[in-house]
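Across the two complexes that follow, chain A remains constant while its partner is chain B and subsequently chain C.
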Partner chain A sequence: MRTISGYKATVGALTAIFWKGMKHYTRYPGSFVLILVMPFLFTLMIFGMGQFVGGSNASANFATRTGTTNILVYEILGSAVWMIGWVVVEDVGVALRDEQMKGTLEQNFLAPVNRFTLLIGLSLTDIAITSLVFVVVVGVTTIIMLPAAFLNLLQAFLILLVGLIPLFGIGFLFAGFVLKFKEPYIFTQILNLLFATLTGTYYPVTLLPYWVQFLSGALPQTYVIEDMRQIVLANQTLVSIYGSIFVLLVLALAYPTFGYAIFKYLEKKASVTGEFSKY
Partner chain B sequence: MNSQNTSPLLRFVAEFRAAFMKDLRSYVRYPAWMVGEFISTPLWFFFFALGVTLFAPTSLSSSLPQEGGMSFFFFGFVFIILFGTGMWGIGQTVRNEQMAGTLEQFFLTPASRVTLIIGRWARMFLTDALIIGYTTLLLYLIGGGFVTLNDPALFVFSLGLYELGLIGFGFLFAGLTMRIRSYNTISNLVFFGYMVLTGALFPISVIPVPFRYLCMIIPFTYFNDLVRHAALATPTILSGALEYAIAALLSVCMLAIGFVGFKKIEDEARMRGTIATS
Partner chain C sequence: MSKIFETKEGPLLRKVPKKVVAVDGISFSVPKGEIFGLLGPNGAGKTTTIKMLCTLITPTSGDAFVNGYSVARDEQKVRENLGVMLTGERTLYWKLTGRENLEYFAALYHLDPLDARKHIDELLDLVGLKQHEHMFVENYSTGMRIRLSFAKAILNDAPVLLFDEPTASLDPQSSRLIRDTIRGLKNQGHAVILTTHNMEEADLLSDRVAIIDRGSIVALGSPSELKEKVKINDVIEIEARNLSDRTVSAIETFSEVSKVAVTADPQSSEKGSLRIHAEKGKEVLPKILEFLVRKQVSVTKVSFIEPTLEDVFISETGRSLRD
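And then the complex of A and B:
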């Protein structure tokens, strides 16, 4: 048998995990369509409810509180980041549980592949998927509703890419908890709802009580949403929002480190107690 | 118990009780789901309510005195919970049994399929009522006001029409699970369509005219409208009596179509041998 080692082996494993994830998405196109459609539907709902509440002054009231009259772009940016966070937590966090349910987790863990490589491979698929979500959801909406901001989309996309790193960290953390506690779906639902509420998906976080804003400050989506709104709607640049990007970079370092450490700890514990094969 | 020798009523009660208890046992076996449901359901409501405050003149609870203020959205939340029960509760009964590998046993019992599915619906209706009650209390405690019913008798009648229509709709969906693979995607899209197009969260008068006609051919638009009218005295889409007559007719038709559709799909699936394979 021919064996390869070093970076070639790592690249080979990453490529295999990446394509496995992509195949999964292409095999269930309905689920992917739902990911693309949901941000629009949620935005429509908020928009409709808002029009009802505010009547003819809805846009003016909205502008007073947010500084923009472009309601759809404002809301779709929040919606898209929320959905992207949802995809990452579900994919990276729940992937191992899926393997467990299919009975393939042991084979995966017995393969001569580093656990970190395994998790990074799952994340690579999500980079491709979330990029597509960005193009279809944010890109198309901005081109239609605010064509002047088209060139700002590249900067907004860079913010998203940086924001994905701490999100993967949260995914790693969640993957560890799933190995230990099982039943991940209800936890992902609560977690994603909490993320939506705390990170200002449809409103500025300043609307939340002060102590809640403190929690919001620890979540990467808060910065991604706010920065993307600043770039697309207020014509800010990456340079002018450097403070926020710095915080995002710190989170990009902290979350994966912390998430992977917890994952390793729980994985080690699970291997001792035999949790892998328990459902 | 030998159900062959009992009266139809006793048989129905026994089957219903067994189906209800079976589902209740499955439900309490997963406490994380229970706790999660009680946390996440009200959280959806508060999340959307916060989003809407951006559009409000001063505060959400003080706006829209004629439309019921916060109570308007509260009922939207109730509709969403109830519709979800029809969609995933009744509709997914067959799929759940399929996934658990017990569908054949389920279909081979000398019990009515309809009663078994209704038993599951009853369990979910009970849980829904608990969640709605708990959220009402939570809303009151955080200062959102207390939800009161303008005409309780009319409310029960309107809710009855809604539930009849919903059960019929759920049965049709339960049948579809035997035919289609991408049930989850379709049910999610239908669910979102319900939220946007039936006046559940905002009146259909907000929707631009060409799309509003689409809303007006969906039966749930009238069910939602009448429940809200009975609870909050909001104006109805059509004249009151006419809308009640239409809603009553629609609910009976939906129930009949649901039962007939489910039976027909089941018979076809039996002939094709696809009951447990979709």
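And then the complex of A and C:
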């Protein structure tokens, strides 16, 4: 039996993992609908709360603090990035846990495909899903609310793609926790709710206490959300926000490196205690 | 190679660390073109051994070499040289079809896509699933899933093959198919290691058998060599009702009796069978029967039988394989 090696082997494995993930998504379509609907529901909830608390001054207060009167696009951008972040951070770890529960994790680990390719492959499915979420949720909202900014979405989408890389790093970290400690939802749900609070999903991070803003500055979503708002709502370009993009690129290098190192360490620990087949 | 698992037992906040020796210094080698059976009861350490060989569990001490590659240092190379079938039917993607499962794993094993397609056709044919290749695995029967798992294990045509209980929960026809294929693989020069708690299977398939109990190899040799060792004794099998532990212990004290093992009947808590190893069995049998009658044990069947690998296990451990 002939085998392939080098980039052909890696691309072949990535493609297979990607399509396997896509087939599972389409054969369990419920989660798909949820991801598409959630950003709208959360935005409506925040919108309603804002109106209730702010009363007739709500829109004016919002404009003063954010620099835009377009509440819906502002909130939908935050909401979509939050949801995309949720999917990416959770799905790499949850996908491994899912494989563990199904009994297929060991089968994947028996194959000579390296773990990094496996994790990236699981992430590729998420890239496709999250891109679709972006196009549908943000695209549709912008066309309706701010048609003039529609072309800016392409630049915003590039920011999102760069922003996904550090999120995968956080995903790798959780994948390690999942292998060793199981119970992925405890970690991911707490963290994802924390992300919504810290990264300016529904309000500017400048409203947060100074020391909390320090934490926000270490999280990639903070930059993705802010940069996308700058591009779509304030007509900025990728060039004009280069400082923020530079930080995002640094995070794109740091998070996956750190996340994968922790994953390998916890994977080794799990192999010592025989965790791969345990529920 | 050894494996000690460290666990914690007891209520929360009062957990006590506990060490469990799963595999205790076992060592064996399997040349090309040999089927090597690891026979032992559940919990003997067979699966842990297999999982250490295929890099899923890290040994606590020692090392193993698969086609010359160390499981401790060359994990990737070991995986390239292994085809593995782990026990159970949940080793496949149930929401994928049979063919999609094999195509997926072919990519993870870096098989050339064109070769893989042809090979998958052959394998599906071999395991009798060609007609059902486009059916979701969730709609397969248990037997079909196990046959597909088997096909997955030999997909990459690896020189070393590990099968963990390959025929467990299979019907006789499917079991025969798997066994015949394993023999064929041996003839093609593959080194095959299979674990089983089924002594007939170990006897039928293996060129050599290691009998494993509580993590250690207690006997190793060809099935005929191993059975020859216990042939110095007669083997008497007595099926009976109302056997008590005290009665069994008393039989063990007979001077002619070397070993006694009891197997409970899974259908009835009252029924069981005694397997007695004794010198001059014909002379001691009347004494044993008389003793059993006196103890109000109702004997339903008595027979002298040819020693099997079960008797080798009894002779080495004093227990039945099915304990």
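Following the convention adopted for this analysis, the second predicted complex is superposed on the first by the 278 of 279 C-alpha atoms of A that agree within 3 Å, B and C clash if a C-alpha of one lies under 4 Å from a C-alpha of the other, contacts with A are read in each partner's own complex, and residues count from 1 in each chain.
Definition applied: a residue touches a chain if its C-beta (ideal position, glycine included) is under 8 Å from a C-beta of that chain, and two chains touch if they have at least 3 such contacts.
Here the structure is a predicted model, which is why all the values come from computation and not from measurement.
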Room on chain A for both chain B and chain C (clash or fit): fit
Chain B versus chain C as contact partner of A:P209, first or second or both or neither: neither
Touching partner for A:G243 - first (chain B), second (chain C), both, neither: neither
Cα-centre angle that chain B and chain C span when viewed from chain A, reported as a multiple of 10 degrees: 80
Partner chain in contact with A:P147 - chain B first, chain C second, else both or neither: neither
Which superposed partner A:N57 touches (first chain B, second chain C, both, neither): first
First (chain B), second (chain C), both or neither touched by A:L110: second
Partner chain in contact with A:T197 - chain B first, chain C second, else both or neither: first
Closest Cα approach, chain C to chain B, once both complexes are overlaid on chain A (Å): 9
Residues on chain A lying within both footprints (that of chain B and that of chain C): 28
Residues of chain B defined as touching chain A within the complex: 30, 32-33, 36-37, 39-40, 43-44, 46-48, 50-57, 60, 63-64, 67, 73, 182, 184-186, 188-189, 192, 195-196, 201-203, 206-207
Chain A contact footprint on chain C (complex, rising order): 5-6, 48, 51, 54-58, 60, 76, 79-80, 82, 84, 86, 88, 90-96, 100, 103-113, 115-116, 119, 152, 156-157
Touch list for chain A against partner chain C, complex: 1-5, 9, 12-13, 15-17, 20, 23-24, 27-28, 102-104, 106-114, 268, 271-274, 276-277
Complex contact set, residues of chain A against chain B: 28, 30-31, 33-34, 37-38, 41, 44-46, 48-54, 57-58, 61-62, 65-66, 75, 181, 183, 186-187, 189-190, 193-194, 196-197, 201-203, 207-208
